[in-house]
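The two complexes that follow have subunit A in common; it is paired with subunit B in the first and with subunit C in the second.
Moving on to the complex of A and B:
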């Protein structure tokens, strides 16, 4: 099998899934979500252009005679949108993490689950 | 050349899994984003590379600013990390790591077996590349696509940024809405990095304006330039150390600019850029539309990220006031 570059993007995606499943810290989980985002975007860009292609900025109309040397502009425009969405999601995740930290004083998954369980038990007892 | 970069990329991500100290993970993440941007440049995507660099700088600073408070009561990030790594016994290690490892390897094998691997292209590439100069204008195909052919995607993406700013204000633990005026931060003003930033700061602003205005001729555009201008405000905070930005006015400005973007885009799409304008003036009208949309998008993105940064730095890091 010829080693195409998009295999690396898939490998990175599954490394990030593995890291997300086994991280003890919430901050690491947020970083792995951002890494998954980057892997998907890289996969798109690898699938639609080859190494060494010219960016799609046409200053000289003579370039348009042979379009195999120009990179595809359409996935790049879509991925621009996807990058901005990724950072917005990350900012909201960090805000939610901050709120949770102020209430329970911990940033680890198991400790937070324990605190939530205790709160639920307390709420049941109150009712 | 590309394969060397990609192997470094994978090694960087594996280091993030293995590492226990949090402050090192952020540095690895910064290196990772730099390698990603270099790969984008080699594949012929300079607009995406600019955007990736902008958000990696922004998100690294965001992480560092927020995380520092989590560990300050244990003696700082360095002290916490020194006591943390604990060795797991083999049984617990197997229970925690083996099922995700098997699952991920199986999915990886399936994907590699079924994914095509060669270049996939549609006829859209030829249609956009041959027609964008006359129907939308400018010389950058990516700008023509996200401002001409697929402008509604851009409107909803701008909407997501507005939603992010609103969500950050309302999901926060603190109910304050504006930054306290004149409060000094704890950064010392005389370190060498700050000294260099004083000189570079105005150049960053000029560069950001250049990237916005020249988005339709060369690589760049509204989003990338907006990110650069937001990083100018971050540098300004690092140099002076006081919060003197009127956050409420910037929120109002962002909302007004967003409404303006929607109005201009819808009117231009219905009028058809250049269709109703005679002869040689149609090029002027096309360029004016592209420049105006780029400026408004850049202003909106800069305002949004500045608001996010100042909220995180000034309000989220505050100590709780015991009543």
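Moving on to the complex of A and C:
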């Protein structure tokens, strides 16, 4: 049963990869990317602590002899950074999507690709 | 001490953002950048004998973040500072906004930080930073028109980095450390089946950063290039892709014997060949140059992934990385001048460059000869070292890739001849800054070719020598390839149906994610089950 949380994170990760393959809507793709980030962060957090472990604040020196009782703070610190990076790039993506929506009135991948191609044809005539 | 390399470009960036109106501010920044280049050279001289390192925070051992500059890192840092210095010189008189300068130096800071870090998570953060900076730089000029391509590029790269972060999580679970040297020691003692999954995850990310096939994550970036200014394409194609190669080399070294070198060798050959075909089918001169970068990267991959016993090939590939950065920057900056001069990017419309603008023509000619591998140019030295010890099928593959490069640049060289149409030439004034910048790379490649052996020994701390007889043999192969290339160009029709279909091909987000998934699955199966 100790393996269960890791397997859960892996399954969630690959579900979101599959979801990215099949979403026609850009907002759905962004949500799947967020889900992918959540799965990875969950994987790291499950590495750091299990049920029954204590936080790494030691008052009693006798506890230091058996490290398995103490949760690991390192992945949690890294994941704070990863969460922040994830939020900021998602915010940039949504801003760009907003601009594209105002211009083309659609949020579908195929339709936007078509609009970009038509603009590229116009663009070839001027530098 | 090494932290200064990362901090100084950030300080320059902020300085230029605040004072970007005054021309004197740019001159001061240029002076600082030159000083940074000198400092990078000093670091390079130090790193030839021993690794320079800085412990941030004063912890010892594997705790804390360590910045390490060994020979390879110092070479890449020197290369990036030189290229940014020359590009700054090129742009110093144009009116670019404050955002451009700010992002340019931020990109330099993040790349130098990437070259110095030996910690997996540090690499993750810095790659994300450089991805965001490159996205905004690529969308820079025609912001609204390029936004679709920018969105695609950003989202694909975020997905790639999530693969990477997942792989790092596995590595942490298996080894308990994220420092590269610690992980290398720990992995050497493990059995293969547990390392297969993190290897597949991490190498998917590294390979897509190098734009190996079938991960054409760079393809939308390439398609958005017609909007961005030429100096940015010079930096991205010359420098940013090299950071992908750098992390690829580091990761292969961490995984040691588990690294699937033969797999990436074959991928490199396929990438090179497909890059050649893609480059031949384009009409836009910047797209031709960008796709030929992919072909050269395929060639570099071949050299990097040969067996360890092929000592010459590995260092030949590294030398080719340096050469390619210089040559591609020269070509892109020359192309910038050409585009301003002729007002078009279509290769069929640009003719008669030799008579119209001598400096750009000379620089472009030198760069073309360098990249084709003409004797006395640096391309031939690095290709000589790559081919020196191989034999059999691999040698033919490399000769084929070189032939492909010759074909691409023979096509590109058609801009020199002929007569320009009436009224297409605009009168432009290229000041001495642009001239110096363009000629610098062209002349540098010529000098590096003549002193190639000494330069390479100096840079990589080696004792290799060019044997006259085998060098002449390679020159003979080059001459034959050139003749064959010139004969073939007569037979390749300009508007073949294959080429038109390739030009219209447009990969969407779902297709790129599918190719990522397939590549990951193939690497996993290969490393996990076949070996």
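One rule holds in what follows: the second predicted complex is superposed on the first by the 108 of 127 C-alpha atoms of A that agree within 3 Å, B and C clash if a C-alpha of one lies under 4 Å from a C-alpha of the other, contacts with A are read in each partner's own complex, and residues count from 1 in each chain.
Please note the rule applied: contacts are C-beta pairs under 8 Å (C-beta built on N, C-alpha and C of every residue); 3 or more make two chains touch, one makes a residue touch a chain.
This is a predicted model, so every value here is computed, not measured.
S.K.: Check whether A:8 is in contact with subunit B, with subunit C, with both or with neither, and answer first, second, both or neither.
M.R.: Only subunit B; A:8 stays clear of subunit C.
S.K.: In the superposed arrangement, does A:93 touch subunit B (first), subunit C (second), both or neither?
M.R.: second
S.K.: Quick one: is A:81 in contact with subunit B, with subunit C, with both, or with neither? Answer first, second, both or neither.
M.R.: In the superposed model, A:81 contacts both subunit B and subunit C.
S.K.: Between subunit B (first) and subunit C (second), which, if any, makes contact with A:119: first, second, both or neither?
M.R.: second
S.K.: Taking the superposition on A as described, I'd like to know which of subunit B and subunit C A:47 touches: first, second, both or neither.
M.R.: Touch partners of A:47: subunit B and subunit C.
S.K.: Spot which of subunit B and subunit C makes contact with more residues of subunit A, would you?
M.R.: Of the two chains, more subunit A residues are contacted by B.
S.K.: Between subunit B (first) and subunit C (second), which does A:36 come into contact with in this model arrangement: first, second, both, or neither?
M.R.: Only subunit C is touched by A:36; subunit B is not.
S.K.: Is A:107 touching anything from subunit B or subunit C once the two structures are fitted on A? First, second, both or neither.
M.R.: A:107 sits against subunit B, while subunit C stays out of touch.
S.K.: Determine where on subunit A the residues touched by subunit B overlap those touched by subunit C, and list them.
M.R.: On subunit A, the overlap between the subunit B and subunit C contacts is residues 6, 17, 21-23, 47, 78, 81, 85, 88-89, 92, 96-97, 99, 103.
S.K.: Would you pull the subunit B residues touching subunit A in the complex into a rising list?
M.R.: 1-3, 6-7, 9-10, 13-14, 16-17, 22, 25, 29, 32-33, 36, 39-40, 42-48, 51-52, 55, 58-59, 62-63, 66-67, 69-70, 96-97, 100-101, 103-105, 107-108, 111-112, 115-122, 124-126, 128-130, 133, 139-142, 144-146, 150, 153-154, 157, 160-161, 163-164, 167-168, 171-173, 217-219, 221, 223, 301, 308, 312, 316, 320
S.K.: Within the complex, which stretch of subunit C touches subunit A?
M.R.: Those residues of subunit C that touch subunit A are 121, 124-125, 128, 132, 135, 142, 144-145, 147-151, 154-155, 158-159, 162, 165-166, 169, 172-173, 223, 226-227, 284, 339-340, 343-346, 506, 508-510, 513-514, 516-517.
S.K.: Under the stated contact criterion, what part of subunit A meets subunit B in this complex?
M.R.: On the subunit A side, the touching residues are 1-8, 10-12, 14-19, 21-23, 25, 27-28, 31-32, 34-35, 38, 41-42, 45-59, 61, 64, 67, 70-74, 76-81, 83-92, 94-99, 101-103, 107.
S.K.: Going by the contact rule at the top, pick out the subunit A residues touching subunit C in the complex.
M.R.: 6, 13, 17, 20-23, 26, 29-30, 33, 36-37, 39-40, 43-44, 47, 75, 78, 81-82, 85, 88-89, 92-93, 96-97, 99-100, 103, 109-110, 112-113, 115-117, 119-120, 123-124, 127
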